[in-house]
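What follows is a short report on a single structure.
Each chain gets a letter, A, B, C, D, E, F, G, H, I, J, K and L, in the order it is written, and its residues are counted from 1.
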């Protein structure tokens, strides 16, 4: 077994009508359906749309890191 | 009707004793009382005051974007 | 009494299984056990670990500012 | 007459279906309808929308500087 | 239907002998051949090669955002 | 009375033939003629013009924060 | 043949118990097993784990650029 | 012949009444009159003057890279 | 004697009613009461409070570097 | 046992006559003599002194993270 | 006469035992002895040495801009 | 003799087939052939070319500082 790993980071944007925390969870959940070995995330930006004077959607831009299989 | 718009961004700071999400909502609500066509926000900074070893206020610095009327 | 103060800022990382807000509070609470006169915090980074396709821990890197005693 | 001036900077977003240069010009033209003494601009960000696999709109975020009257 | 979406951002570099605008369009066109639902781009860097004392190629580094299908 | 406030930040540029400190003061003084409740400033950039091999004007770009009335 | 190319950049993290140079090489080697036409890299961050008061692993975050085939 | 080269980067500002692309070309042309082996440029900032409510000059700040002779 | 040293940097905030220069000096003086071998400082941020339309306090955030004893 | 930890980050500068890797190791070794539970480092800056046309010392500015005991 | 100019920016560091303002002036004066048409400066960094618990020298890193002759 | 000095910083790019450390040394050596009083360097960027799935050249962008003679 190798004594070192290689990881990849991808950038995704999650959204939620409810909270910043849920926007992150939505992104992680979607990402994990397609990618194995997701290990960490880093928030890059937090933003959102306004509808009728209230936050309509929170949008959180994340970098998500996962281990490359067999690396 | 024009096929392009012009937007303006203003920088505001919302605060809340409860959560970061609420500080954002307080800022958007206040802003929407005075400005029409608010369309989006971007979080610039998150900070706060500490009182007796606990978060006293969350303070969130936002850029808020709105469409300039008749542009 | 002096008409000016000197403050120090330290960098800490709080974590929580529940939310970003709680990770900040955990850091502030821990910090206040050891340091007097904690007055403000500034969020530097928000990140976390993923476990089984969900957020395992939110991790928030903060700068915490306190007044240097007798300054 | 004062030997110093004070300026203000506002942040606006111009757009164009044609080019980056035109998006800047659209923003400056709109801005100059409402503000006197506009003197300079600084490009902050360039971005845009995609429609059917082509650039639909260029969007340019600018800081625009103008002299405050009688300053 | 979900009330929230998840987006992915990829980083590409377009080039053109003619102009910055064309370098962006070349990148978007190439990208749209391979990816569905491309919705926006953000310019990260503008640079280029010099040949015989003139701009040989403009190179524009873009982030391109697209909606993850069925998200 | 509300238990939270909303603040706005504007960006201004002060200048002075004498010093950086005076350029800041000139900007704050001008700003306070037009805006109530100015509470803090943040220096963004320091620059200036050169005349005959000497500093002609110091120019200081500031963000100035004030409380929105009745917020 | 086209007179312009389109490139993509991906973000990977290499690690090594030995040195920063080797961590970069490990990442490039792993990446080249999966991607053709890798042409350049840009170091984004250098960090690592500590074990027993010594560097356990160097970790280097890289952007890696490659030409999109047939572009 | 050496198997490695050394390059220098200088910072110049080109301007044009017409477009951003031309401002870059003016800077590269001027630079190439004085320096041999100019190989690449990187845009640092785009800004300009406003005259009568229109862009008077585009100003583009560039880093220009050239190979040091005999290196 | 070792042929290399290890330094530590701490972040402090000095303030003054008079000038930026004095705020720096106040921070250095306070810091030197508690720490030996202070060797350099780096200004991180300059800001301040406004009182009655004038600068009330200048606040300067500094990193201060000192040599770790016996390193 | 708590299900969350709190970490602190300190900023140190290691140096070496030999290499960047050794400057990092010198800093980590010195740091570990004084602090328990050091877990990771992040390189902030790499710089150095020049002596007689050669690198005299490499200097690497690091953030070093450690777990606060009993947190 | 050309309707556009080309400028060059160089980076210099001025120092002073007295004040930040004087460090800037020392740099501008030295620079103007060697370069014609110096027109503006931009402060990049402010730092200094500490001697016996006081500021020994202020050091200010500037970009200085001048018009290239005959451009 | 003056009690203050003026320094200049130039930006150079060194390369090496072997290591990052050697790329820095190559740049410093080349620079010192042409410039007197080189005193320090600051790493700005680390990047490189890939050849056949391996690092072909490390390229390190440096700022190099030297004292202006007779300043």
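One rule holds in what follows: a contact is a pair of C-beta atoms (placed from the backbone, for glycine too) under 8 Å apart; a residue touches a chain by one contact, two chains touch by 3 or more.
All of these numbers come straight from a predicted model, not from anything done at the bench.
Of all residue numbers that take part in the contact between subunit J and subunit L, under half occur on both sides, making this a different-residue interface.
The distance from the centre of subunit D to the centre of subunit G, each centre being the mean of the chain's C-alpha atoms, comes to 38 Å.
Work out the mean CA point of subunit B and of subunit D, and you get 21 Å between them.
For subunit L, residues that reach two or more other chains under the stated contact definition are 10-11, 20. All chain pairs that count as touching, in label order, are A-B, A-C, A-E, A-G, B-C, B-D, B-F, C-I, C-J, D-E, D-F, D-H, E-G, E-H, F-I, F-K, G-J, G-L, H-K, H-L, I-J, I-K, J-L, K-L.
In the complex of the two chains, the subunit L residues touching subunit H come out as 10-17, 23, 26-27, 30-31, 57, 61. Across the complex, subunit A meets subunit B through its residues 19-20, 45-50, 53-55, 58.
By the touch criterion given at the top, residues 3-11, 63, 65, 68, 71 of subunit E touch subunit A in their complex. Interface residues of subunit C, counted against subunit B in their complex, comprise 20-21, 24-25, 28-29, 32-33, 38-43, 64.
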